[in-house]
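Have a look at these structures, which come just after this line.
Both complexes shown next keep subunit A, but they swap its partner, so subunit B is in the first and subunit C is in the second.
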Partner chain A sequence: MSKREITVLTDVALITCVVQRGFADEVIAAARDAGAQGATTYYARGSGVRERLGIFGVAIDVEKEVINVVVSQDQLDRVFERMYLAGKLDTPGMGFIHVTALEKAATYVPEEVKEKLHRSVRRRG
Partner chain B sequence: MSDKLRYGDFASAMTINQVSISYNELTPKIAVDADGNELPYVPPKLSLTPRDLFRVLEPYINVRVVEQLRSVVPLALYLALFQLLILRTGVTDAGLISGGVIAVILGLVLFMEGLKLGLMPFGESIGTVLPAKAALPVVMMVALLLGVGVTFAEPAIGALQAAGSMVTAEDAPYLWALLNPWSGTLVLSVGVGVGLAAVLGMLRFIYNWSLKPLIYLTLVPALGLLLYLLSDPELSKTIGMAWDCGAVTTGPVTVPLVLSLGIGVAAATGKGDTSLSGFGIVTLASLFPIIAVMLLVIYLASTVSPEQIIQQAAVAQAEIASAGQWYQQTPWVEAIGGFRAIVPLVLFLLFVIKVVLRESVHNAGIVTYGIVLCVVGMVIFNIGLSYGLSKLGGQSGGLVPAAFATVHGVDGSPLYGFLLGLMIAGAFAWFLGYGSTLAEPALNALGITVETLTNGAFKKSLLMNAVAFGVGCGIAAGTLRMVFDLPLAWFLIPTYLLAAVLTALSTEEFVNVAWDSAGVTTGPVTVPLVLAMGLGFGNSTAATDGFGILSMASIGPILTVLSVGLMIQLKLYRQRQAEVEEGHSNEKDRS
Partner chain C sequence: MSGSEPEFNVGNQMPMPAMADQRQITAILPTGIGHTILELLSLHCGLSTASLHRARGVGIVPLIGKKGVGAQIEWDLISVIVPPDRADEIFALIFHEGEIDRPHGGFIYMGELQAATSFMLPEVADDPDATAEMEITKPD
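Up next is the complex of A and B:
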């Protein structure tokens, strides 16, 4: 049996976007169109602008969807911008988006992709 | 001459201008009072520009309107197009009916939103707090009263009263009496049935009873009373209405409010973790009212004679002719009805929260807004019901028999041969049931729950199709029953007995799902349409009463879902059997 190894990915960042319940799909679609590989959504409750809108606060759902998207540094700005626009975050109460720097990440990386990258690294070195 | 450029830099240069400001500039500085104590920060109210207001409100309103449009418009269009294309008759009062349908949509939008904002928070806090704070008898009492309250608030219940105006006292005196002067008592007895079901469902959660014996124990008196009513020719005319009541009760108010209380009780007693908690109450809540209404019929029969009722009806007729008081005319009747439906329930919930639980109401402003929406929505819905859905359903129902029989007012009827026309009428009823059930949002939710409960063995689409197929067959059978004027009991007794046999064979999970699916499928749009259609149909054919279609639509899905469940069980059993055999043969090979 061959020894198992982990391919660690660097230059990764986490985009977290909070939107109202039911709005996540659109934002995720935008993120994927901009090259994001996947997204995780979980449910939460939030408060903030809703309380300050008075009667119009009822239009904003307290139930939120929190979207986590891990992207490469190179994709970061593009995906961030697309998600911001898709979520219409320039409207009060629509949500919040932030980026966290990640030290490293790991997941399944197809064998042939690893080979190709190793070769190009060796050639450069 | 190849300058190296980092792709990330290129990408950020190509994107929208990003302006950075420090968040420190935005967050408030904490103010200090004279003694040096920190004052809590109160954020200022936001003022919205019209554009922002539009962008905030647009999705909010859009989502809710589209939801109701989806459940109402296809059905209304189906009825109208069927009438135009197959029966070749124009829709009379098309303008009034369209207005009514729009009112139904608007009313449902407002009502559902009000329900979510105004009534659900009460239900949730009562559900979580009451079982922990109060003794079991108090909880049972609240559940019983809640059952009555939610029944009055159920939008579909108004359809019963609307249906009452289509019944004549001479043909079926007891039916007329129940739906007109006694309609309040009728709804009350339905409510008591729902309340008792809630109590029993709760006990079931606590003591982990199986649903099967409860079903048998309810079916015995239900079928027994049915046989008793059948023995009297006057009383037998009320059977259809009594059994339809079961389908009417379980709607968008009853199910979540009663369930939240039940689940709260289950959680408080530490029994809330079984995967099936939440099921069963709907089943009981659709069976108990049937018994309650039949008992009411027997009571009514023992106090009033048919002749007295007919006399009373004549007096009432005269009163209507003299136009009555302002509060007896539309739209005031509907407005008062809306208030009477919601306000007692709200007062009762408030009483429980304030006096029994001594809790304060959170977000009083939003809750009030929700309750106002509920009342306004109910009023608009009721108006739409009498001008739109009931009229349309009654009209189509009255015209469909033109396909196979002579109907007054339709030129050239019968339009088709008897057999072909009958098939067209059956197909019309079947597709009406199938389509309207698939469109019901509650069914989608049930499908998802069932798929997770059975680890994917029972697919969501399979359940939805099984239920819709059952409802379609039920409605078709109920419609054709009226053509030949067969007693409804001939259909109810064998189907319920068959359901009991299938129940005995099935496992607890499938029994819960199957019996609940019957209650889930009949929403506030389907019920009035089908009721009115049945009554219209009954008036144009020789049938004695137009009720009974909904009760057939309830038993249909129970049978189909139980059968599909049994088939799945059999398949799984065969698979396991095959695996075991394979294992045996492998062992033999090895030895």
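Up next is the complex of A and C:
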């Protein structure tokens, strides 16, 4: 195994939001406005309420967009709320949002950010 | 497989063996790297619980300066279910082999699952003719 180190991020959560196709951009913009660094989106096929609505079901697109956003626990409530409102998820058939607790996450962390973190830990210690 | 293995019984159906404490590792990698990692997980780690799909990423692309903010790039999204005793090892493997520790290298995260069943592939008898054919048609 490589001896390179991993800067592990803890206290993070994954927000998953399922919306009708075409609605993802607005939800992502709201998430980023609230402080999320990025998001990934992919298409999925949904089923369920559309069938139950009969002829009214044509108003609900069967093609869905699934948005994944990883945020820190501090940002979680704010980002979640903004995404919920932007996706109009209080309207029946518009979509669904949920949060999954994560154990850890990792990505590229620039040296200057690492140094800043070390300095703040030393100051607190 | 972990020590605690709850058995789920749904109605009168046959008991479903479910494993607790399994971890789901998800990696967002630059397009093309996902397949290499999938192969690595399958051939070298013996994991058949990995899946790969494409996703559209929205984030900060500093290369293009301010204009890059909000740019959309295609990413490979790998998801793999691993036993708890191998979770950290597989996490580190994907992180290093996927070269996530470089700018625009992607992102990786891991979470605990409440329950997961095992995924067993069917036994396939060795066919020497098929192997020979594969070797002949193998590209350079």
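The rule is short, and it goes like this: the second predicted complex is superposed on the first by the 122 of 125 C-alpha atoms of A that agree within 3 Å, B and C clash if a C-alpha of one lies under 4 Å from a C-alpha of the other, contacts with A are read in each partner's own complex, and residues count from 1 in each chain.
Here is the rule we use: a residue touches a chain if its C-beta (ideal position, glycine included) is under 8 Å from a C-beta of that chain, and two chains touch if they have at least 3 such contacts.
Bear in mind the structure is a predicted one, so any value in this text is a computation, not a measurement.
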Clash or fit, subunit B versus subunit C on superposed subunit A: fit
Subunit B versus subunit C as contact partner of A:Glu103, first or second or both or neither: second
First (subunit B), second (subunit C), both or neither touched by A:Thr91: first
Partner chain in contact with A:Tyr42 - subunit B first, subunit C second, else both or neither: second
Which superposed partner A:Ile28 touches (first subunit B, second subunit C, both, neither): second
Which superposed partner A:Asp77 touches (first subunit B, second subunit C, both, neither): first
Which of subunit B and subunit C A:Ile6 touches, first, second, both or neither: second
Partner chain(s) touched by A:Glu111 [first = subunit B, second = subunit C, both, neither]: neither
Superposed arrangement (fit on chain A Cα atoms) - minimum subunit B/subunit C Cα distance in Å: 8
Touching residues on subunit A, where the partner in the complex is subunit C: 1-2, 4, 6, 12, 14, 28, 32, 37-42, 68, 70, 100-108, 110
Subunit B - residues contacting subunit A, complex: 6-8, 11-12, 14-16, 18, 43-46, 48, 52-53, 55-57, 59-60, 63, 117, 365-366, 369
In the complex, subunit C residues that touch subunit A: 23, 28, 53-60, 70, 75, 77, 89, 91-93, 95-96, 100-112
Residues of subunit A touching subunit B in the complex: 22-23, 49, 51-60, 73-78, 81, 88, 91-94
